[in-house]
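Same chain, two partners: subunit A is paired with subunit B first, then with subunit C.
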Partner chain A sequence: MTSTISPPSGPRQERGARRDEKAGASGHETRSRPSLRAKLGALDVKVSPYLYIAPFFILFALVGLFPLVYTFIVSINDWDLLSGAGDWVGMENYVAELNDPYFWNSLFNTFSIFLLSAIPQLIAATFIAAILDQNLRAKTFWRMGILLPYVVTPVAVTLIFSSAFDEKYGLINNFLQMLNFDAVGWKSEVLPSHIAIASMVNWRWTGYNALILLAAMQAVPRELHESAALDGAGAFRRFFSITLPGIRPSMIFVIITATVGGLQIFTEPKLFNPSSSTLGGPNREYQTTVLYLWDLAFNRGDFGKASAVAWLLFLIIVLVGVLNFLISRSIASTNGDRSGKLNRSDRRAARKSAQQNAQGSAQENSKEHRP
Partner chain B sequence: MSLKTAPRPARGNVAARIKPGRKRSFGLDRRPGFLTYGLLFAFFLGGAYPLWWSFVTGSSSGGAFEGALPPIFPGEAFLSNVSEVFMTIDFWSALANSVIVSSIITISVVGFSTLAGYSFAKLRFRGKQGLMVFVVATLAVPTQLGIIPLFMMMKQFGWTGSLGAIMVPTLVTAFGVFFMRQYLVDVIPDELIEAARVDGASMIQTFWHVGVPAARPAMAILGLFTFMTAWTDYLWPLLVAPQNPTLQVALSQLQSAKYVDHTIVMAGAVMATIPLLLLFVLAGKQLVSGIMAGAVKG
Partner chain C sequence: MKFSRHTRTATAVAGAAAFALLAVGCSSGATSAEPASTDNPVTLTVTTFGTMGLDGLYKQYEADHPGITIKATNIDTGGNALTDWKTKQAAGAGLPDVQSVEEGWLGQVMAVSDSFTDLGAHGAADIKDRWVPWKTEQATDSKDRIIGYGTDIGPVGLCYNKKLFKEAGLPTDRAAVATALGGDSATWAKYFETGKEYKKATGKAWYDQSGFVWNSMVNQLPEGYYKADGTLNIEGNAALAERWGELADGAAAGLSAGQTQWDWGKGKAFVDGSFATFVCPGWMLGVVQGQVEAAGGNADSGWDFADVFPGGATNWGGTFLTVPTQSKHPAEAAELAAYLTDAKSQVAAFQEAGTFPSVTAAQTDPGVTGSNALSKFFNDAPVGEILASRSEGVKAQFKGANDSVIQEQVFGPATIALDKGTDGQSAWDSALTTLKNLDLK
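And then the complex of A and B:
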């Protein structure tokens, strides 16, 4: 990479020279100008592409990649916030973390909150998208309305929900008690706190993801719906046999971005209960991995172990991403069989709908190869 | 689907999504009934109610509604709560910090992404494929996990507490480059660039007079989302400049300040939401079409 972006410094001067050349060229050097100009032009063509991508690559290497790589170096040292780099300890920090119950606790909390937010959110987003994917009046209004929570920042969302989930005076416990239920320990019990935090994520992101899925639904060819309807398929049947398979690539996209974001959740658990002296609840009920990392690094000053946690989380995110990809690919490849079975079992579907199905899966396949 | 709300085609496949000549036939395009609008309205209420509730709480005087159902209409204490907010945190300088940081990040990301995206989309150079693969591969890399060395760097340079330190890690994004490249590859005909070159324009002049005008719609979308992302960021500003807070950090300090009533915290949350609500009112349509066109980021 560096070899391709090193040239820029020279050519910049060249181009400056060229401008001078142009300015003073009117008189005496008329004859030699064309060749020099052509040379500079060729250099311009050759070097400019690298010049244009250089700022991105240089900055990204400095503030994106280098810190990530350097995290690994910190993680194999006994590194302290105050005293700086200590002894080289090899994999010791990793071993220590993998044997630390707090680390596993944070991982459990992260995945629990992630699942509690991702699954209901995906179902709700698909449902909302299906509702929006109709011939509505005031389309833009409804789309904007569904997106409204997205403009509330996570910090504000957490303050609002933290107040609503307050155990003594909160809106939700008040309401529960009015209905003669017991108050729930939203901030002191494991599952309730996870549900509360997941609800913040769900509230902010469901509408956003619904719009992505809506765009995908609108890309499903209308003709498929039309001929399925001709063959007597009802709205539900069409939704499960045409719409859902059609939006699978976008679904995968939503799942992967939700995974990368969800496994790094920080703001919501950080601010959920400011009166707790331990980050992430009195007994770490909702201490997520990034929160644990933060605590380890900036409260306890153990940069070495915190970096080990960062790398472990990095590997987990990559692993989950790859798993997602493989699973979604295997679903995609079995899709052909499934539509075949559907045809056989469906008595009403005559030759026409079989054709339609084949066409549909062909289109789907081409769509899946697209990105 | 009406073309009015449809996004400009950001990628090739989006163009295929927009079918102006959709035929109306046997009920598929029938106007939906009350159930649909009822459900949508319920979802809208679910989205809007927490905001409304925070305003109602933020406008009541402390302890006014313990034990009972929350009032539906706001009280009269909003302004006094807000002045309490102003006394607890330096709201205006935090707002100014947020505006400065988010704007500079946006300009930087959009500028560098357009430049690099144009190069990847329209110019020929050796190593292009490999470098583009690299950009795509880094899309899903959680760079946030590099905060420890980044923090050490900022400390080393003595930048902690400065706005510069807040901006530095997000001055470029792989997503931006990828997004601009996807847009420009379809939008600029190669002939146009060749024509400009034949007319004697230098590479940078061609970029400026052909590339940038064509890229403008995508630049606007990318800018909008970059601004939102920078504005909402919390972890890094909290770590590197708590003494010079952005709006999000200041807001969180409001919550942890001692002896602060939660009505005041809510008033602060409302105040901090107003800028983005304004943005939503002004550019909500663009946000919607941007998300639908794939200007998405987790």
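And then the complex of A and C:
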């Protein structure tokens, strides 16, 4: 810290030094050596921006990148949970997992629960948002009301649903039996257990997604709706041709987060039947991939294979995420073409409103609305 | 430029602080060799699970040992306690000073016995005659280090519901029940036969689910899922297959109520007459009482405890207190473990939770043999005396590294399948397939 012991006239000197530097560059070679002060100043300008953003990247490296790389290293070793690293086995763990029926079973369960939850959830969320977008009485009450399930922790949700879905003493089976239906094996049959778990996910996430879509809908310019209505477009036509394309960026956001969350589902199946000796149902009826991974690591102690599953799951999520992104983009842009008949000022208004849209990615908007 | 100078100083300070933090983080691993006293307070952490009946003893110990504070954590089930231990063992941090270990996963603990303190260095040799010899042997590793002090053992008797027995015209007196089931030479055949009579008379199930019956059947064999040399012992094991046949036959005759183990409809199945008998190791008595009470029942619900068990004497479960090497106060922790497992403590734990003592002096203590809250719940059955009688002739079975995984993931689903009507042979075959898929050693 030389700067603290330099004389008070330092700043002026430094300015002088800088002038000298410039002079040196234009031909005077006599006093061209910059002072330490100037060097530090230059360093400050160059380095400090990186220092300011460093905390995020340091944190990300510690809790994101490092575990990712470390998991990969574990996955190419024969690694026991308790006794630690064994031999280097290369891709053997991956090959073993890709040949393991339980791995494929867990993937099937994950996708089944994901589809059973994501599709009805997004459709419901879109329509709930569309309803809340109308002029309702006590708007805030309804809007907060649909967010309530999201406030409850998933563990509490699961405990309540688990009790309701109990096969022998549960509310739902009691009700079914009262109506002379057979009791359903909610916790021991494949499809019923998937529906039960999907219902927990839907209960918790529909309101949250509806609110995000509602925020996006409010940013769709009302003039578009008005002019379309003047042209004779009905409510449904306006919804599909104006609202849906208008909320596209938020839709993509919601679909991607639902994909990531849905493919990593853990708490609900883990606690759905906590007394089950095998995780995810007696015969792995609803053992999702994360649950399988956890079982592999902490019950069977095979850390190497569990890490391989973690990496496979990571790749699958990236793949499905990209796929969803492409599909949702193509669907929305077909709709966008239809709205291409709008005049230039309306397009400008749409572009402007899209830029104000807090949820969407700015890049996507500009690409879509560029004339 | 003045501003810039300040920024630089601030950066330097922040950097120095960060390094200081790191330095502190690295240096906090010091161990105090000094014994605990009021001047040198020591906090000991203890992890238990289920109902071990130790909670009342901590306060007494704190009062007797100034300077020691006990922070106890109780985990709901043994399975969750196992996960907790494994996670912390694998992470190399976070284990308590005193860790309870269940017999079912002792095999896994023994595989890493180096990470537990040799209690021989803390006076184990002086007190090892407290316990029944096989209990201490179980906790001794291949290098003759004693790594755990026994708390309870699990001699198994038969719980039965007096009211339901009466309805079915079976004897209700506990001595008569024991005789009816064959007394000292009770067999599983006789048990299932009586069950069929009961089913015929009442149309109700005889036991709650096949899983626990199967566990007791396996524990009874000289060698269970593993041979004594540590190799798997399931495929081609005639004794195991024969018992599976008996169990499957029982389930096919409708003797199982197909309940969910550890759930029983939040205890309702214990009071609504779903089943009439229940496999009861000592520590299970507290569980039964808890379940009955959770469902609104009490001593009048009719549960009683008979001094008989099909197939002879057997042990199911039981716990040890160990001191992981992660503990910073191994001497104090070992002393606490010794205290919690001495005769007096085991008597207290028994009265609290029905955990039958592994210390011989406690087994004959009037506090165990006499009347207590638990015996009152079981229709004044002398539970301590019965358990002492049930522990005669018990031999410890070797538990392999994956014993608990096999019990839960291989035979758990298979016994559930039996309860749901799958025939014995296909359930057995699917268990073998699972075993193969799991690739266990």
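Heads up, the rule we're going with is that the second predicted complex is superposed on the first by the 280 of 371 C-alpha atoms of A that agree within 3 Å, B and C clash if a C-alpha of one lies under 4 Å from a C-alpha of the other, contacts with A are read in each partner's own complex, and residues count from 1 in each chain.
Everything below uses one rule, namely that contacts are C-beta pairs under 8 Å (C-beta built on N, C-alpha and C of every residue); 3 or more make two chains touch, one makes a residue touch a chain.
Bear in mind the structure is a predicted one, so any value in this text is a computation, not a measurement.
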Next item on the list: Using the touch definition from the top, say if A:Phe298 reaches subunit B (first), subunit C (second), both or neither.
Entry: both
Margin query: Residues of subunit A touched by subunit B versus by subunit C: which partner has the larger set?
Written below: B
Next item on the list: Check the residue A:Leu244 against both partner chains and state whether it touches subunit B (first), subunit C (second), both, or neither.
Entry: neither
Check: Is A:Asp100 contacted by the first partner subunit B, the second partner subunit C, both or neither?
Finding: second
Item checked: First, second, both or neither for A:Leu36, with subunit B first and subunit C second -> neither
Next item on the list: Please work out whether A:Pro67 is in contact with subunit B alone, subunit C alone, both, or neither, and reply first, second, both or neither.
Entry: first
Notebook entry, point to check: Touching A:Ile256 in the superposition: subunit B (first), subunit C (second), both, neither?
Noted result: first
Next item on the list: State whether A:Leu176 touches subunit B only (first), subunit C only (second), both chains, or neither.
Entry: neither
Next item on the list: Tell me which partner A:Ser277 touches in the superposition: subunit B (first), subunit C (second), both or neither.
Entry: second
Margin query: Touch test for A:Leu82: subunit B only (first), subunit C only (second), both, or neither?
Written below: second
Margin query: Show me the subunit A residues, by the header's touch rule, that subunit B contacts in one structure and subunit C contacts in the other.
Written below: 1, 4, 41, 44, 48, 166, 169, 298, 303
Next item on the list: State the interface residues of subunit A toward subunit B in the complex, per the touch definition above.
Entry: 1, 4, 15, 41, 44-46, 48-50, 52-53, 55-57, 59-60, 63-68, 70-71, 74, 128, 131-132, 134-137, 139-140, 142-157, 159-164, 166, 169, 171, 174-175, 178, 203, 207-208, 211-212, 214-215, 218-219, 222, 225-226, 229-230, 253, 256-258, 260-261, 263-264, 266-267, 270-271, 274, 290, 294, 297-298, 303, 306-307, 310-311, 313-314, 317-318, 321, 367, 370
Check: Touching subunit A in the complex: which residues of subunit B?
Finding: 1-2, 4-5, 13, 16-17, 19, 22-23, 25-32, 36-37, 39-40, 43-44, 46-48, 50-51, 53-54, 57, 66-70, 112-113, 115-116, 118-120, 123-128, 131, 134, 138, 140-153, 168-172, 174, 177, 202-204, 207, 228, 231-232, 234-235, 239, 248, 251-252, 255-256, 262, 265-266, 268-269, 272-273, 276-277, 279-280, 284-285, 287-288, 291-294, 296-298
Checklist line | Sites on subunit A touched by subunit C in the complex | finding: 1, 3-4, 10-11, 14, 40-41, 44, 48, 51, 81-83, 100-102, 166-169, 187-188, 273, 275-278, 282-283, 298-301, 303
Check: What does subunit C use to touch subunit A in their complex?
Finding: 1-2, 4-5, 7-9, 11-12, 83, 86-87, 89-90, 108, 111-112, 211, 259-263, 265-266, 268-269, 402, 405, 407-409, 412-413, 416-417, 420, 437-438, 440
